[in-house]
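In the two complexes that follow, chain A is the common piece, with chain B as its partner first and chain C second.
Take a look at the complex of A and B:
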């Protein structure tokens, strides 16, 4: 009896959970996106105007492209920083490995708003960086005052811990002795890295990349507090539809577009990456 | 000039010396085993030869060249690991091709070499499989193939058979030795398993506490152990503790309930505490009716139980001072539990060492 109940419970509960809290809200967004809003009221009037606006109004395309560029840049930077950090922790962390990894997550103990505001205090016109520069008689760095660069710095700061943690977990499962084997068979340390360590951790790296990329696409706080007038990102614009503008239906359509894009990106990633080539068998450790 | 030389090689970890002033000379066509208990430093020694560890002191020479400061990928040696360490994201063929790609061999030669290895290790048909689709024995073959395919200057084997079951292990022992003879390169084989060392090696180096206890032809290691540790570690022996009494050209050991006669050992003083070892298979058994005189090198015992090993039987005997074991071929008279027997042995089969050394 128990053996027949256990799979239903362990797989059923998450399924119900996913349907109730993920699929249903998503469906409601989908429905809302083909209605319209007028004077802060939802009008149940089936049409595709919202999507037409998104496709024709250049601003939204600009926001979207800017967001994709931003998310790509931030994710690449995060991955580039996270790799050596996570690698260093697994190699030299010794018994402090876990502590070091958890240390990276300490900023998570505060809210996202607080972290962004704290960063604003660091990067702004009268912030720590420019304050020190000016008191030393140097010119302030304009590049970090309410610019896309400042937004990017903020996003890197926000999502780096996640990427480090994911790559660290991947490296933890990676048998470092495979690198010894590669070296014995004639690979220089760099060659051993690219032949063995990189492909075998590609799957973890991609997950880390995606966990940075997707929230960056819909980021609202960092561009709002750190970005400048040219820094409006897609997520920020989307949040405005649900806030000040009160055009919820348009916001819902923007959300649907984002969701479809994210799914497409994940799909393309999985089609181009041969999981076998990352040592991933899908069946746990063999 | 020997092919591989270790010259005063030491390795320090913290305050401990994992490898302590090791000197060895290995010839080009030799199969050498490093035999020792776990933690004796034998694997560290192998990794020093491979270049995966840098010795604290001393030099490593391969083919007359000082490679002490060369990284592993420039040494031209290959290794077979206990855990196989095949590249999980590469097929069998790609695993075998790895050393060849690093050597930048032309495609036709690569194909030839891979085909040769697939043939000698009967791996044909498995080229396209990934390591996790192979059995342990097949993985072992691929690991061995990856070691041989690049025609290394030497092949280092780190307990390669430890993860295989007994039958497969004995099969692989024969095969490994066969390939070593055919290739004519030195194999250095690390193991804690004396049977593996004895079955394959030309010479065995017994490693203990980071030092080479003895490095000698395998028969010598087995038949004439140089130290009490080797007597205890190689082969299965019965141990007697007593006091040495010198009597001209012979010596006797008064071990309480039994007296042992042995050839004299210079360097052992009269009255010195000694430990004597007699290998299980050197103990012979007679019925009390055929051997009455219980004198030197003979004692009365009772068979407690019999362990059947197929071609031979192990008799666990109880006698006045405890238990001992005798291994006898089944072709001889067989005894069963409860039988009274007389156990006896030759003076030449008694190995005597100072007791202080044996206790250490």
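Take a look at the complex of A and C:
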């Protein structure tokens, strides 16, 4: 009895959960996107006008391109930082490996808003960085005050712990003896890394990259508090539709476009990578 | 498998005749009664809770406790950030969930037209008689139904969207015009709020002034209202805001950020509700800062103003709850409470409290300048939120 119920319970409960909290809200967003709003009222007038506005008004395409550029830059930076950090922990962490990895999760003990506001204080005109510079008689760094650079710093700060943790978990399952074998057969450390460690942990790296890239695409808080007048990203513009402007239907259409693009990006990434050669073990042994 | 498992559902009768079906029915009936209880409570019963949808800045614990103790009820506030958020809450059944609601500008009128709030009787709220003349119903029309003359709200605190500036960085003659917020001479030393309506409306006043359309007959036959702009004016606003963007250090999201920007000298001026200005003056008085700050209430082209109000939702029927709402509003409008509100919340009051205020407080809280409100354009609903949203998005993307 237990063996027949177990799959239903273990798969059924998450399925119900996903349908109730993910599929249904997504469907309601899809429906809302083909209605329209008029001065804070939703008008159930089926049309594709919101998508037409998104396609023809350059502003929304600009927000999207800015977001893609920002998400790519932040994900590349996070991955570039996370790899040596996670690799270092794996190789030299000894018995403190877990502790060191958990250390990266400490910022998650506070809310995202608090972390962004703390960063605003750090980078702002009277923040720590500029405060020290000014007390030393130097000019404040305007590049980190309400600019896209500040937004990028904020996003790296927010998502780096996730990327480090994912790459660390991938490296934890990686057999380090393969590197030793490569070196014994004459490979330089760099060649051993690029021909063995990197490809066999590519799947974990891609997961880390995706877990940084996708939330960065819809980031709202960092650009709002750190980004300045030129820092409006797609997520921030989308949140605006559901906030004071009350143009919910357009916001829903923006959400649908973002969802489709995110899925497409993940699909393309995984189509172009041979998962069997990236350390992915999810296909089983058969 | 037990014997009971083979019996049909509900057939497991006990010796006392209380079976599973009866038990389920009893539980279901009990649950339904418990859920329905708040809604079937007789209207004549004395309320035990007063529920308000309000701005957090006005929830002063001492004031709320005094009210609760006096009337032996619990005051249950729910906070919102913007009018549109409160409006949405009311429209999705909030009139049953809240007894009182706050709003400013045109929103009370919109709420009344949509039957989200109800009429109130000023005779039951005697402190309404103590408002400054400019807030009396004969002059302040936003809380009176034009057709029937019915009142549907009481005034509370007021303010403008004036310009706070560092007197050493921005000359006084410059700040008397909205042009100062668009002047390349102050490039990188200006900030504005992140609120799209007020940014567009303020720019709209300047654009209409430059175009000479402000004092000419309007398409709707009404006097100029910066929230009702023509397409040509909106195009001008978009161009102006794009030009302004290059001059801004940032668009602040909260008063604390603005205060830091002004205090550090990072910016010379910014339009705001005078709350940061008051904090900076208090710091100056304590010797915590050296810089001098001033506040231009209304620019020469015209400025924006707001009056926060208290309203009673349409879910409140005649009877004890309405009486409690009236008592609450009357207490909140009493001069002592209003003074407390001004000092803690940092807002100017619509009740005349000059007799209990020091000369410094009278100056700081603009008590002798209430008449200037009649020269301001009240916060209003954009004529088309969709068109305004496009203007704002295009400016952000430029």
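Please note the rule applied: the second predicted complex is superposed on the first by the 281 of 286 C-alpha atoms of A that agree within 3 Å, B and C clash if a C-alpha of one lies under 4 Å from a C-alpha of the other, contacts with A are read in each partner's own complex, and residues count from 1 in each chain.
Just so it is clear, contacts are C-beta pairs under 8 Å (C-beta built on N, C-alpha and C of every residue); 3 or more make two chains touch, one makes a residue touch a chain.
All of these numbers come straight from a predicted model, not from anything done at the bench.
Superposition model on chain A: chain B and chain C are shown accommodated side by side without a clash. Applying the stated contact rule after C-alpha superposition, one finds that A:38 touches chain C and leaves chain B untouched.
Using the contact criterion defined above for the overlaid structures, shared-chain residue A:175 touches chain B, although it does not reach chain C.
Between the C-alpha centres of chain B and chain C, as viewed from that of chain A after superposition on chain A, lies an angle of 150 degrees, to the nearest 10. Contact with neither chain B nor chain C is seen for A:159 once the two complexes are overlaid on the shared chain. Once chain A of one complex is fitted onto chain A of the other, the partner contacts of A:83 are absent, as it touches neither chain B nor chain C.
Chain A is touched at more residues by one of its partners, and among chain B and chain C that partner is C.
With both structures placed on the common chain, the touch criterion links A:213 to neither chain B nor chain C. Contacts of A:187 after superposition: chain B is touched, whereas chain C is not reached. This overlay, made by fitting chain A, leaves chain B and chain C with a least C-alpha separation of 45 Å. Overlaid on A, the two complexes show chain B and chain C touching no common residue of chain A.
Across the interface of their complex, chain C is touched by residues 37-40, 53, 57-60, 62-63, 120, 124-126, 140, 142, 145-146, 224-225, 228-230, 232, 237, 240-241, 243-247, 250 of chain A.
Across the complex, chain C meets chain A through its residues 82, 84-85, 87-88, 188, 194-197, 245, 248-251, 253, 257, 260-261, 263-264, 266, 381-382, 384-386, 388-390, 392-394, 396-397.
Of all residues in chain B, those touching chain A in their complex are 50-52, 71-73, 77-79, 81, 83, 85, 87-89, 98-99, 102-103, 130, 132, 146, 150. The touching residues of chain A, counted against chain B in their complex, run 175, 177-178, 180-189, 191-192, 195-196, 199-200, 276-279, 281, 286.
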